[in-house]
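One structure, as structure tokens, below. Some questions next.
Chain nomenclature is as follows: A, B, C and D, assigned in order of appearance, with residue numbering initiated at 1 for each chain independently.
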Amino acid sequence: MVDKVSRNNWGKWGEDDQRGALNRIDVAATKRGIAAVKAGHSLPLAIPLSSKGPIAGMRANPQHFMTRDGGDYCAGLKEKGFGYADDVVILPTHGTTHIDALAHVWSDGKMWNGYSCNQVTSRGASKCSIESMGPIVTRGIFLDFAGPDGPCEFEDVAISVEQLQLAYERTELQAESGDALIVRTGWLQRWRNGQAKETLWAGLDPDCADWINEKGFALVAADNIAVEFGPSPLACNAAPMHVALMRNFGVVFMELLDLEALAISARHDFLLMVSPLPIVGGVGSPVNPIAVL
Amino acid sequence: MVDKVSRNNWGKWGEDDQRGALNRIDVAATKRGIAAVKAGHSLPLAIPLSSKGPIAGMRANPQHFMTRDGGDYCAGLKEKGFGYADDVVILPTHGTTHIDALAHVWSDGKMWNGYSCNQVTSRGASKCSIESMGPIVTRGIFLDFAGPDGPCEFEDVAISVEQLQLAYERTELQAESGDALIVRTGWLQRWRNGQAKETLWAGLDPDCADWINEKGFALVAADNIAVEFGPSPLACNAAPMHVALMRNFGVVFMELLDLEALAISARHDFLLMVSPLPIVGGVGSPVNPIAVL
Amino acid sequence: MVDKVSRNNWGKWGEDDQRGALNRIDVAATKRGIAAVKAGHSLPLAIPLSSKGPIAGMRANPQHFMTRDGGDYCAGLKEKGFGYADDVVILPTHGTTHIDALAHVWSDGKMWNGYSCNQVTSRGASKCSIESMGPIVTRGIFLDFAGPDGPCEFEDVAISVEQLQLAYERTELQAESGDALIVRTGWLQRWRNGQAKETLWAGLDPDCADWINEKGFALVAADNIAVEFGPSPLACNAAPMHVALMRNFGVVFMELLDLEALAISARHDFLLMVSPLPIVGGVGSPVNPIAVL
Amino acid sequence: MVDKVSRNNWGKWGEDDQRGALNRIDVAATKRGIAAVKAGHSLPLAIPLSSKGPIAGMRANPQHFMTRDGGDYCAGLKEKGFGYADDVVILPTHGTTHIDALAHVWSDGKMWNGYSCNQVTSRGASKCSIESMGPIVTRGIFLDFAGPDGPCEFEDVAISVEQLQLAYERTELQAESGDALIVRTGWLQRWRNGQAKETLWAGLDPDCADWINEKGFALVAADNIAVEFGPSPLACNAAPMHVALMRNFGVVFMELLDLEALAISARHDFLLMVSPLPIVGGVGSPVNPIAVL
């Protein structure tokens, strides 16, 4: 097995760094994203947040409760010039469109930048938590592998680094340090149509990790469970690209995006804004990323 | 009491409208926000999401649980080349920095655009829910009432419409339809220093409602519990500005923002991005708004 | 359709009563239960409380979180002569072995004793809640319909009032006012073996309601989803025996019991203890009933 | 510091035992409890389960949500001959009247019977969990230290082993192996009257541990936060009696009982029934113990 120790970005942004490749997003990256705005339409990229899924197998569906509602007043509660509704959600942070904290994953007991997994206990993550992440405002580069003639147009397969390079070249864009890579696999749409389940999804082959890092991407996102193809064929590693790209290179993952409207737009670059909730000690956050075209 | 029926925006954006004054945010507003970007620095405007507050009295604090963590592996769970952490939050949607859905408030049994409060039951809001809201990308205009010599520099008082007009004029900006009004009261900072509690907070006097609507604002936000001063002095109405401005004019409210960094920036206009989570049937969403300066 | 107004116990224990047929459990009933104790062995009658079910379709599975555990200490937390674990459950009150409050069910807007269903709002039940119920200590009478040659030995069918009477006679017991009727349908065991699902279960035919009330039972319980056979064949009533027996006669229902050990015991009478949690405003409670043989 | 290794019951009920001193409750103990029944009145011993406390400082208050209620029907939902209410609780298992699992406490990394605290991870307790506990039906012996002239009649102090012995002698009862010791400190009542807080409570001095074990008690319970006096004066041990009595001797603790009605009864012996919910992997359970007088 290849020695990954030399192929990583640990220390690149300082021994104490907790934000990984998000450090690539400087004001130049933000302005490059802004410069990509043409018409000015904003597209939300999240799936509806409900108990209907999809959701990875080991998690419970979100739940939503009303602590005050219109029925209360109908049943006799008096307004005092003012009536209101209030609610509560119970949500696995990875249970809908979400972004992973760098504390989400480790290997050999070490996460991004060599921090020990012992930094994550029942009291939350004290290093590399979602609270450290900060806002993401940069250029997004969109590659659609589920479009006509795409490798995932009809089925859930792995996308090779060659296919990745080819799709990238077709955009005629030049990726720069701090960009975000957004990938459509078609899995979400197949799931909605009953043609796919949470047990198998199209996604990037783990061999894509080096390419993504070398192109300078800060973040990679997809319309599937794990960005990388799944389930992993490796008995010795259930999520090899999470290890190679997130844990080793510090590139951040976003999952379960809805990219259907983006696919229809025929655009490949845009302003991408993602704002994780600063959950103290959290290892992920639900998000509703915005693509401004 | 003034007849509010004539002073409202019901029907202005269609009988079926559920988004209220957010309809003012068109591509021109988005581009105006983008044009306000100078250096390109992104500021997150949310408070840390934890059980430590602040939170309005009738709500329970957020809770955070780990369903998998590093301690599990330390205690004997085997990695398969990959170890991970996972978590769950229990969160009142208004229990941290948040945006209200238009279904949050009503009076005389009617919410924004005349929808009946019966549209909100234990199964959630079927009209004017947070799911209908969509992304917000526009120009923000920031007024600081807690700065040196500001009316709220040291105490929690109501901000009058005259003080609002004066602070606005000082920015030398021209508000346009679709802008967002962001107001610093200083309450959050006083709360952090133990000088204020959730039982009294500086905020806008309800008389500011007309001014805010006439200036064309789509949204109003503050670093306090309710944007408007509280608690309400009116026995007959616990939240008069929520009724006058949100329910009647459809202007959206955001609360519990952290505006300290914005105050230090000395900027008054910037690109504001807010992305509510599309909670199906929800009446609010936690958010982490971004100000790009 | 028969006029149920005259066939009910409303007012029987007072206009203000909220406990229904549980009023039949007087000290004589308690002592009769105690007198039934022979060897003194205690059997718990609850299924394991976990996320693995079974659970009725519209409810979410229970969840269990650790807020402190041994892994924390393994990962570095220091004991101070003392280490501890702590946990939290999220539980639909009817999501495991449970007892229904009389506020759980109504028809034509009225629940037990004519109370309006408007007594139950997002703030809980103000009448007939589980908090009003109190402890249950009485004699249990056990009828096994899933034993050899029983009508439900192999399949999920409705148990008729004739079959009920026959099984009762075979016990040679005399039911008295305040006794509890415990019925084994075999559905739980079939569910465990993958031979049954939550979409169809053996249970009592709703025609059994009068017989149960006339025999003076305070409570009826079963090892299935709803005591009565389900799903209901009546388009006009999803739970006819809940209406006829709980709502009209005030007899309390317990569901999802594990009666396998009781079946093996070959006993038909015993001391039954059930202790609902006094959830303020609750409409049900998880319970672990005890049969002392 | 005394060597506790020799003063413990580890191995007494087998190397694999997970139930500790509850093993003392045999059919003789159950029958002795039954024999204590006189009039046959049943008293529930739980406090109301709500968000109003009391609760130990590090825990969140219980929460209660309605997922269906009468207001829904009032607001337009149609009955189909049948309307219902349903609810969910979020509950720290120790957040109301509760029983501790033996997995709740350890010292030097070992819990009851020498099991490693590593048996408790985010997935719950795999040894000594509440699921292993089983039903408790035995004789209760009640000692009231908050009655007239009692050491805790007016204040929150520690109850010495001499005071314990004296109160015991006054009952003229002979404790036998398997009995349950129930102690009233008066703290709950003072808390209700605003005269006490969760920061200080009357309770047993840890020196009582040996006496309790020697008398053969299986369980000890009180109307306070921790049975033992608190907070602990020992810098080196936050809960010395939990360690000496639960962890070393395997005696089970129940906390936050309401013993006011029992105090008024003037009874000292009765049938005690406690039925923990079999929460898989749980380290405690809410309970509503019953005293049958």
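FYI, contacts are C-beta pairs under 8 Å (C-beta built on N, C-alpha and C of every residue); 3 or more make two chains touch, one makes a residue touch a chain.
Values in this document were obtained by computation on a predicted structure and should not be read as measured data.
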{"item": "Shared interface partners, meaning chains that touch chain B and chain D", "value": "A, C"}
{"item": "Copies chain C and chain D touch via same or different residues, half shared test", "value": "same"}
{"item": "Cα-superposition angle relating the copies chain B and chain A, to nearest 5°", "value": "180"}
{"item": "Distance between chain centroids, defined by C-alpha means - chain C, chain D (Å)", "value": "25"}
{"item": "Cα-centroid distance, chain A relative to chain D, in whole angstrom", "value": "46"}
{"item": "Junction residues of chain B - those touching two or more other chains", "value": "60, 63, 65-67, 69-75, 88, 90, 117-118, 120-123"}
{"item": "Residues on chain D engaged by chain C in the complex (per definition of touch)", "value": "27-28, 30-31, 34, 37, 39-44, 46-50, 58-60, 64-67, 69-71, 73-74, 79-96, 103-109, 116-125, 131, 134-137, 234-240, 242-243, 271, 273, 275-284, 286-290, 292"}
{"item": "Residues of chain A touching chain C in the complex", "value": "51, 60-61, 63, 66-69, 71-72, 74-77, 90, 117-118, 120-123"}
{"item": "Interfacial residue positions of chain B with respect to chain C in the complex", "value": "63, 65-67, 69-75, 88, 90, 122"}
